[in-house]
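Each of the next two complexes has chain A plus one other chain: chain B in the first, chain C in the second.
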Partner chain A sequence: MKIKLTEDEIFATIAAGVAEALRVDAAKISMASRLFLDLGAESIDILDIRFRIEHALGFKIDQAALIRSLGEGLSAGQIQEQLTLGSLVAYVRQQLQQQP
Partner chain B sequence: MMNEPKSKNLVALVTGGSRGIGRAIAERLAATCAETVIVNYLQNDAEAEKTSKLIAAQNARCVLAKANLLYPEEIDKLFEQIKASVDHLDAFVHGAALGTFKPLLTIKPNQWDLTMNINARAFLLCVQKVAPLMPAGKIVALSSLGSQRVVPNYGAMGPTKSALEAMIKYLAVELAPVGIQVNGVSGGFIQTDSITKFPEAEKFIEEVRRRTPAQRLGAPDDIAGVVMFLLSPAASWIYGQTIVADGGLSLL
Partner chain C sequence: MDERRVVITGMGAITPFGVGARKFWENLGQGNSGATLITAFEVADLPTRFAAPVLLDDRELDPLIENQKSLKTMSRSAKFAVIAAKEAVDDAGLETNRLNPYRFGASLGAGGLGTWDLDHSQQTLQIIMDAVDRSAGQQLDYAQVWRNTLDRLHPLSPLKSLSNIPTAHIAINHNARGNCQTITTACTSSAQAIGEAYRQIKFGIADVMIAGGSDSMINPYGLVAFSLLGVISKNNAEYRTAARPFDRRRDGFMLGEGAAIFVLEGLEHCRRRGAEPYGEIIGYASTCDAFRLTDEPPEAWGSVEAMKLALDDARLNPESIDYINAHGTSTKMNDKTETLAIKKVFKAHACAIPVSSTKSMIGHLVAAAGAVELAACVLAMKNQVIPPTINYLEPDPECDLDYVPNHAREARLNVILSNSFGFGGQNACLIIKRAEGIAHGA
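Coming up: the complex of A and B.
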């Protein structure tokens, strides 16, 4: 079943998951927040956040596709630089639009 | 295989069955004694499909069941799917596990919850669903040496495996009267994708190889063989034990 959410609603869902997982103040999370570099996430936290988003929105995230959505052939450092709340929101929004 | 069950009519569930040790167990079940193998997996559809083909090549039926065992609701759905596919289970092998490699003192609350809930709680919740489907049968959970011994950077995983091994004993006692045997296998260091995620993996692997009397890392099939033994009639007097199969590493 297709889920219809605005960008703000997707952001709120993801930010809530990020805040809970990383124990950061949700008010301090913005679209520009970098998960690794600004919010202190580690690799396993990304998995945790992914699970929280999947559980909240009811669809599975392809982590490899998510990383590819940031750019092809990125190094670990470039991924850390580019994985923001905004990039997550954009990926989730695109996936929700593609759902049947 | 003298110690493996002979008749090919069992229905088995393997969690974490799409890759590595879980896949080796699923394939061995299909090759020797299972007519149906239900393979639960978390995320990798392509690897799950490969496992499905390996099972089909052994003339057994494979049911792929994608579910995140972190969530009780997904475990409920998994078993709804299982009950729609089979009317009972004879064997349940719990291989699903997840973790991060870092010292225990640096583990954050969400990381603790994630590893404990997938590695330990999921086993309990699955057994609670498996038991009513298993008039008599065998359950085997996969543990690791970090449950009993201190392994550097294994602080998030070791305690979860200790909890798992304690549950194996309790469940063995609770389920023995209804004809269900519960045991575990502790596999030392096995050559899978997971071991490459250890910090300084190459150095760590070389150190393990040097310290292991068998002078190599274990292979997934080494563990599959022990699991098959525990599922066989030859193990009918073994209850609540976690068998260590580690090439002798823990002896030193």
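Coming up: the complex of A and C.
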């Protein structure tokens, strides 16, 4: 079943998961927030955030596809630069739209 | 080899008496008991239904952790370790940013950790139960079990069960970049961890070490495991007094949980920064019985040699020991064999040395036992009071030393020996000495 969520609703869901996972104030999280560079995430936090989003939205996130959605052949540093709340929201939105 | 003197300048503890070394001593010095019936989980059908738990749940423990994000990778035992380490570092007045970080390490004793924490084990059981339901209760669908595990267990939960994670958290929190190690030798873990930290400083490898241990086995697995091994008391009817080391009526130990962590540093380092030490570690030795996994050799060779070697390390004769904090588990075998071992080492002097088991009050803290018992020794020395062996009523002909029965005793305590023995035939002995005036050149 296709889940119909607006971009704002997807953002709110992801931001809540990120806030909980990183123990940061949800009010400080915006679409432009970079998980590693602005919000202090480390690699294991991404697993935690992914788990929270999957359970909140009821679908599996393919981490490799998520990374590819940021751009092809990115270095670790570039991924840290690119991985924002906005990029997560865009990826999740696209995945939800593709669901049967 | 150039050897350095090693002093204890900070101490932190979380015990069945609560958070803090001060609370620990307030109760220990009074001969209080941490024994209580277990209510945190279902024990109705277990042979043992009591323990000496730390009476704080996650809601009370979690706010004590400074780095809130780290909580998701911390077992109950890790939380104890981090809380006690913070207390120890603060107590030592250690400005960790002024240390050479590569000569600053950590050495912790650790046990079973998060795999058996109540929340994790119950969640795992639920996953298995659900797999039964899906096959109409006929049989377990193992494929479903593992799929459920991947889908439903938090991805960071495996980190909670790694033994070195508490040490890693402490290293991160205090920027200890030198030798950081975790020792898992059952009930000897933390005594060995402290002893090995002492050696790091003594032999010039480190300036400062955070050392101690932590454990939390008061969970369904811990109770079942120790019941299976037949070493835990089943005396539910008399649970308040069931931990009765050296008493003829003893039937096993009471489980405890908690942590004790120390700051150890070289005496010169301590003097340079003007710190006031609690005491000096002057002796340590570790041996292995190499006999059987859980039986102690009847001649007690491993524990005898550990005590002798610790005395040699301290360059002391046996008559110098003013008090022995015994391993004293309250099992038939340990207390009898430890008594024999003490008599073999101290000979005629054995009967003149007060020997007590603080496990009578706080239970057996397993991997944390040696550290918490060293904290008891440090506090006994500071207060010049020997904590008692409580619940002692009926002498055992095979346990005939002075066990400081039931009431704390004022005494002149200059040198104290702490014994720790564990499954696997592990033995570790630590000797501490009063350090009054030592920081100023005495």
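Assume the second predicted complex is superposed on the first by the 100 of 100 C-alpha atoms of A that agree within 3 Å, B and C clash if a C-alpha of one lies under 4 Å from a C-alpha of the other, contacts with A are read in each partner's own complex, and residues count from 1 in each chain.
Just so it is clear, contacts are C-beta pairs under 8 Å (C-beta built on N, C-alpha and C of every residue); 3 or more make two chains touch, one makes a residue touch a chain.
Here the structure is a predicted model, which means the values were calculated and not measured.
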Item to check | Residue contacts with chain A in the superposition, chain B compared against chain C | outcome: B
Next on the checklist: Looking at A:63, would you say it contacts chain B, chain C, both, or neither? Reply first, second, both or neither.
Outcome noted: first
Checklist entry - Of the two partner chains, chain B (first) and chain C (second), which one does A:22 touch, if any: first, second, both, or neither? => result both
Checklist entry - For A:44, is the partner it touches chain B (first), chain C (second), both, or none of the two (neither)? => result both
Item to check | On chain A, the residue positions that both chain B and chain C contact, one per complex | outcome: 21-23, 44-45, 47-48, 51
Checklist entry - Quick one: in the complex, what on chain B touches chain A? => result 43, 66, 68, 70-71, 98-100, 102, 108-111, 114-115, 156
Checklist entry - Across the complex, what residues on chain C touch chain A? => result 68-69, 72-73, 154-156, 159
Next on the checklist: Using the touch definition from the top, list the residues of chain A that touch chain B in their complex.
Outcome noted: 20-23, 42-45, 47-48, 51, 54-55, 60, 62-63
Item to check | chain A to chain C touching residues, read off their complex | outcome: 21-23, 40, 44-45, 47-48, 50-51
